[in-house]
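Quick one: structure below, then a few questions.
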């Protein structure tokens, strides 16, 4: 279906991303750089995080610029510990990891096929082969890397070898049910996005719907977050919930949860792939 | 303002409440009792909880009946371990406990003044006196029972003495910031309703908004629940959430949380005071 | 992918559907029929609509029964103007009509492929051919019946001819952008489900997102409803909304709207295909 | 209760409000003015409305400034048709109009009493006297100006006379059930905030809950908006909805609606009284 895909409509402008310790006059100074380059700012977001006194800025602008000189001039303005970058003007390179559940990856494949996300899905890797048929329909390569008969290290080594060949910028865990080693996470630090089947931090760990049922909650949710070495404790990107009641057993809660997982992951990927998400320690700043 | 209050409009019919181990034919048999008494069923809810195989039924009906004979005939039908009762046809007797935050008790006093809840607020007890002026405006007695200079036992003894005189059916903790002893909870088992300032079971314990801010959540919530000896672990009645983002510090999260706390507690009290809530272990069955 | 589809898990029991003018004792009498046939009621919903005094009941039960005798005995109990039926114990036969937008039909095809809905999609008919490739991936027949160069009558005649061959029970308009003639609607009365791209009754008619943008609304929604001869005025099955703000132009509102349309249609189809929806005049009664 | 009210915590900084036709460099130039005055920008929002090419900016800053020179320098920068102002550093002066329903004004009085809104409620005016007792409890003057036996003009003349004496900046219609004349609206153009008991533009006009019931909607809502001469068509500030189902008659819908009305109005007033709302034709731009 790739021939159906026009060029991405979502980010037509350049995007400048800045973060640094706050000081007076940053917005004035940074917009001054763009003005001197005859750029037209079309959208601008800034935020100063109170407890860290850190400044974050995302600016979309149009106009022909020499990226290296815009960056050099901007960086020159920033206090020590700051960074500035221009988002690449092409789709993000993404690999998706799955196990047996289809709903998140199916939604992602449909959005990809109709060019609704700013990403190229280079491949889907499954530790089961259940979803190979689905992925194949959409013309995306599927790699079955079974974990059976392998240690965690052996299995991850096989995944890493494939990722080294594909060179993705982002990994998406679309209901990938394997715990990642800290070594693996460190290798892709801040570049792995997971959909967790609960409203974190409630019900960390295994079988969250079973936990939710036993606790008798009246709302269940889903959380898209970056993966860090602390399982289920990485920075949260998107959370959403739906009401449940006593007629929902654990299976019905899981069923209800799937729809919200799909929506939450889609929204998180849009935000990340459009460079709208900054990380600050264990929190995210999101300019939408 | 009590002279403004007409008789309660919310529950004009009789309400029969049944729970027992499930067996075939219970709905047929119980509706048969009401039919023989020439009652007209106006609303009927049943539920069988799968993992306990327990049957719950709430039936509203109109018609003149002799309560004791309806109950006797119904109880005769039930398997061992069952119970049947008719809800009292008068407002519930309620005492509210508060500390310094006004929003939940203010909302409750307004609803009470305009007869929107099926309850008489007999008194408000505060361990601080900050809310005495507010409560007094609504013609409800306020009792300041300070905890200062007292052990927990001494303070609770003073509260219990007052409650013994007032004889409430329900205690409402409307942002009451004292931990109750297990002895106190046992005395009012299944009769204490609390509003907790988080989406339980996330952020149990102290300073939940501070915890939520540090965790960087994108949604905060409130939980109304029955109080049990395990702090924050009693059966949940109502939960609701609102979105937050990186611009919310802990104080802004608390501010946002107050509005949802108020709504959640109001809804929980309506459900409880209209006999719509059954308890099953640590879960609730709610017929609304 | 059809070989992957196990038999439907969603409705394993028999479902008895009753509606009639209300009278005292109906629940008792109808449950008596099932009891005499040694059935076990696993779920039961009743409702009496106040302004019409009409009784509706949906009962799931297990047990081997002779359907014709259960129905005969039940119908014998009902006042004049009542009806009783047993839901067919097989998937519903469904045809989907589309134009150019993919999101609703793609979601439906994924759910169908993974057996999440109680329906067989017999075919997809498009007045454009844009979605033929997508539908083909899922092994579902796609029929391109162009409206170009045809009168409405001629085009509908071609659709009807195909439908006569396929014999569906339900038609789903998944963003089908043609107005149906009253003759067509009458032929499939109460059997056509549409997803409308607004929160009806706001913004009936054409270009609802353009209307919503001009009106400056802060919430947009989607409505799944049965189609009647009054365009956009048929009985509503499901409605849901999402917040928008001043940064959303008409195009961004449409984009935001697509996600909620998809969710709303999926939920409506689940309810209809599981026989949870009764019609009463221009309203629906939904037992979920 | 006024002695309990500390000075407002909500707006401690100065707020600069700018709108004008867009041109390149506005953010740079305006922040330059503040920088030259040694101000520290603590929060900054800008938006360019695409279809009107109009620029809106709200900047909070700290620092001692001479307001007239900041304004003069800013205005000097703006294209023709622009405006700049500094928000007054005191609570807004507000008069509330009511009829018989208490819930919105009660919520407002509680928030006022506990200093949760950036406003002084100068008086409440009722065309009925039903709420005088409630208002009196909170130490706010209540004026009963009955419409009975008066023409609309006569009644409005009495209201205007009182308003002329009170000199409010904002009028809040908290379930005020009288239609205002265009003359009255013109006199307080852009300064009257209404809570409408529906999700506008659905169900404009009288008895919206009766309309909603007849239409069989599954969601009801509330809309806070500025009042213009076209009834129910002024710029929308806040909208929110809640789900309903077939068990809700018109009365139950109204009951459910009251809670959402109260929340929606409270949120709209917070936004307006903190100078977060710009008007652009019939739409609002809201910086929150």
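Going by the order they are written in, the chains are A, B, C and D; count residues from 1 in each one.
By our rule, a residue touches a chain if its C-beta (ideal position, glycine included) is under 8 Å from a C-beta of that chain, and two chains touch if they have at least 3 such contacts.
Computed from a prediction, not measured in an experiment: that's the story for all the values here.
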Message: I need the common contact partners of subunit A and subunit D, sorted by label.
response: B, C
Message: Quick check for the class: compute each chain's Cα centroid; which one is farthest from the centroid of subunit A?
response: B
Of B-C and C-D, whichever chain pair has more C-beta contact pairs: C-D
Statement: For the pair subunit C and subunit D, the C-alpha centroid-to-centroid distance in angstrom is 41
Subunit B-subunit C separation of Cα centroids, rounded to whole Å: 38
Statement: Multi-partner residues in subunit D (2 or more other chains touched) are none
Field: In the complex, subunit D residues that touch subunit A
entry: 24-25, 27-28, 31-32, 35, 40-42, 44, 46, 48
- request: Sort out for me which residues of subunit D touch subunit C in the complex.
  value: 47, 49-51, 199-203, 214-219, 221, 235-241, 245-247, 249, 280, 282-286
Statement: The subunit B residues in contact with subunit D across the complex are 1, 4, 102-103, 106-107, 110, 113-114, 133-134, 137-138, 259, 263, 266
